[in-house]
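All chains are identified by letter, namely A, B and C, in their written order; residue positions are counted from 1 within each chain.
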Amino acid sequence: MESSRSRSWLFGIIGWLVAIVLFFPIFWVAITAFKTEQAAYSPSLIFSPTLESFHEVFARSNYVGFALNSIYIALGSTLLCFIIAIPAAYRMAFFPSAKTQSTLLWMLSTKMMPAVGVLLPIYLLFKSAGLLDSVWGLIGIYTLINLPIAIWMSYTYFREVPSAILEAARVDGAGIMSQIWHVLTPMALPGISSTALLLIILSWNEAFWSINLTSSHAAPLTVFIASYSSPEGLFWAKLSAASLLAVAPIMVMGWLTQKQLVSGLTFGAVK
Amino acid sequence: MSDGSVKIKNLVKTYANEHGHPAFTAVKGIDLEIKDGEFMVLVGPSGCGKTTTLRMIAGLESITSGTIEIGGKVVNDVEPKDRGIAMVFQNYALYPHMTVFENMAFGLKLAKKSKDDIRDAVTRAAKALDLDQLLHRKPQTLSGGQRQRVALGRAIVRNPKVFLFDEPLSNLDAKMRVQMRTEISRLHAVLRTTMIYVTHDQVEAMTMGDRICVMRAGVIMQVADPLTLYRQPQNVFVAGFIGSPPMNLLNGVVKRSGCGLEFVDETGAFIVPLPSRLEKFAEPFVGRKIIFGARPEHLSPTPTSDVGTQKPLTMTIELAEPLGSETILYLKSGARQIVARHIGEQHCQPGQTVALHLNMEKVHLFDAETGNVINA
Amino acid sequence: MKRPIRTLLQAPSVGLLFLWMIVPLAMTIYFSFIRYNLLNPDVHGFAGFQNYQFLWEDPAFVPALINTLALIGSVLIVTIVLGTLLAVLYERRFFGRNVATLLVIAPFFVMPTVSALVWKNMILHPVYGLLAHAFFAVGLTPIDWFGRFPMVSVIMILSWEWLPFAFLILYTSIKSLDREQREAALIDGAKPVQMFFHITLPHLKRAIGVVIMIETIFLLSVFAEIYTTTSGGPGTATTNLAYLVYSQGLQQFDIGIASAGGILAVVMANVVAFFLVRILARSLKGNT
């Protein structure tokens, strides 16, 4: 047993080494956010922290505006997703038909279509409908691309609710909407909340449609950060400050939704 | 009071397969009349259609054909909430995120009753079921028996015309089951509302029902009060289903003997002269296959009556199960196993031979082909 | 529940997804067969396979195709090999494993534009980047990653982003490996390496397959990282199919050719999707 204990030490060291190396860029961004622009270019871990980069980001750019866009789009599309997905998942979980499984699979397969395949029609359609650079346009797109995940995850959580409870509600006089609102959703709330967090993360980080369909007015943080890539915009401390604010809350959400991530992104193929 | 009678006419339930074609008929055209205020038990082995029938009465299952009337009104297309019914589910089906109070109040809340009305109705029901101390607890903190009472309370609060029970006691331990049985029977005595109760346990059926409807494979085998079912089973299935230990059923033929008709079982080892009361009915069955039925409790060491006795059967004890007040004996007569019930504390050992008298007043004959009783 | 209500519950989802699938795709297919250039709005007409031909002959096309495949292949190899090793490593209990896991999966939640810029500037920058400082510290001259090895740089960024995903999936799968199976092998005298190849790896086969397919589908459309760091350059060194479609369609406004490229991407994705859906169907059936 001696060897296994020393082995466990070794695994621990290597494991932590890898973790630190992988996490280091994020750690570095976090530190640099609190440095002055001057200090940002030095690799030193010792520095006097300051909030001036954060101030600059808020003063010199419309950070709040972009952040609000990200928030509106993420929350709006997630809410819309669930409004459409929950009734469908209810029907599939409690009143499945012979076609239910294949319908589910088909829905999941819509997520396998590469975005470039429909970039141009969507761009042109949005252009003629005046939806370019609009928050609602992105909300619409994100609702569509996240709908399969919302339906799939809700479906799996609903399957764990005994149908007798919904029947009891029906006998008590609850129509379908009442059953869903008063009984089903409260019971499936933990799973639905984690799925909601997952969808918020996916919407927040989405960088294909947001870059191509927005420019200034409706641009979320993904686009705003990309603007730091132009030669004039190369300020590392500010980039770090802006990035830290954009990334930190999402990272925490991600830590909370590990399980949903696995199930949601592999469509249940791995549990 | 409102009419809680239930009339079922030619009720059929067929399930379609994935192509929409009829695949499986769970209920094959049954007729049943349940009187207002009656406690009717639907009993039978699993798959007999009793739960499907109950769910069709509730409105949770669609009706393929036939009609169901509640209180004189056809309810085929009426939603469960408008049928005047309340249901107690097998697994209680309580709302886990609501307190006991909220569970019972839910239906009233949906019906938009006033807060005061709701509070009155719920506290009244809670008092009656001894739940008033538990109103603010959630279901997972309650015991099985308490949960069942909450399910009952939820049903009572609806003030229904008909109570429907779907095997409510099968998830309880034996002691709790007896307690809840009496609770439900007491409830029925107080409320006098129609109650339709589904179970697979014939003891439950016999102790609780005013009348019992025995079902099998989607058909009704017999509907009668408990004693009638016990004394006068109409067919082999009911005879073997009701009564524990079950009736001894022996295959054999009717033969003519020197002094009348006799039953000879298929091994030839068990020969019993038929009592005179049955002779005229058995006459057409000479040479044909019949089933001879005798309940374990009708075999005893001493003759029970003069009429119809014959010389005792000598059998060897294979196994004796002492239950205290009585002993169940598994006996061998030739190649045949007979079960007998022996009242008394006498010691019975395997290997012993006993001589048992058969009470011929209580034996039954059944047509082997149709399963029906031979009494006409 | 009555039939019409049933369909009504499902209808919005099915309808919306159906429209989302069919309408834009049909339009892309249509565009790929006509002459459509926003800069020359007067030019109409059926183009047959001309767009596809032009695409093929476009000097950027074949490199873009090669880049796409190289990118996907490299990221797959890095993430799966490292992900598997990491998953095996983390399967052992060690102090603070849960926290370490959080650190390992963190990169997946960083938005692509942030990852790209942080890597390009703060890590890989040939003068002020962390790697440059490290090189200086050991007396070497730093490498100008994006200048000399643009593709490798992009692959580095993508691998960093996707390694957590592969790790998480494989780690989840490894945790489901029956402990007893492993103990039986130990008793049979299996050495760790044999254990890995004969027990762990076969068990992971399915998860690895799923990771390959899902990563492929997402990597086919990699865009933001390239857009933010290299804009496809230098030249066409880091242009992949997705970026090519973007540059043809939204920069050069040749909708026809861009659509042809888009269709190609769809076809490639469909090949992978076909196999993925088969696996999903099997797992769905296994659950019902």
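Convention: contacts are C-beta pairs under 8 Å (C-beta built on N, C-alpha and C of every residue); 3 or more make two chains touch, one makes a residue touch a chain.
Since the model is a prediction, treat every value here as computed from it, not as a measurement.
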Highest-count interface - the chain pair sharing the most C-beta contacts: A-C
Chain closest to the middle [Cα centroid of all protein chains]: A
Cα-centroid distance, chain A relative to chain B, in whole angstrom: 56
Whole-Å separation of chain centres (CA-atom averages), chain B against chain C: 63
Centre-of-Cα separation between chain C and chain A, whole angstrom: 17
Chain C to chain A touching residues, read off their complex: 1, 5-6, 9-10, 12-14, 16-17, 20-21, 23-25, 27-28, 31, 86, 89-90, 92-97, 100-123, 128, 130, 133, 160, 163-165, 168-169, 172-173, 176, 206-207, 210-211, 214, 217, 220-221, 223-224, 227-229, 241-242, 245-246, 249-250, 255, 258-259, 261-263, 265-266, 268-270, 272-273, 276-277, 279-281, 283-285, 287-288
Residues of chain A defined as touching chain C within the complex: 7-9, 11-12, 14-16, 18-20, 22-26, 28-29, 32, 41, 43, 84-85, 87-88, 90-92, 95, 97, 101, 103-110, 112-125, 143-144, 147-148, 151, 176, 201, 204-205, 207-208, 211-212, 221-223, 225-226, 228-229, 234, 236, 239-240, 243, 246-247, 250-251, 253-255, 258, 261-262, 265-271
Chain A partner contacts - residues on chain B that touch it in the complex: 18-19, 58-60, 79-81, 85-87, 89-91, 93-97, 106-107, 110-111, 154, 158
In the complex with chain B, residue positions of chain A that touch it: 98, 162, 164-165, 167-174, 178, 182-183, 186-187, 189
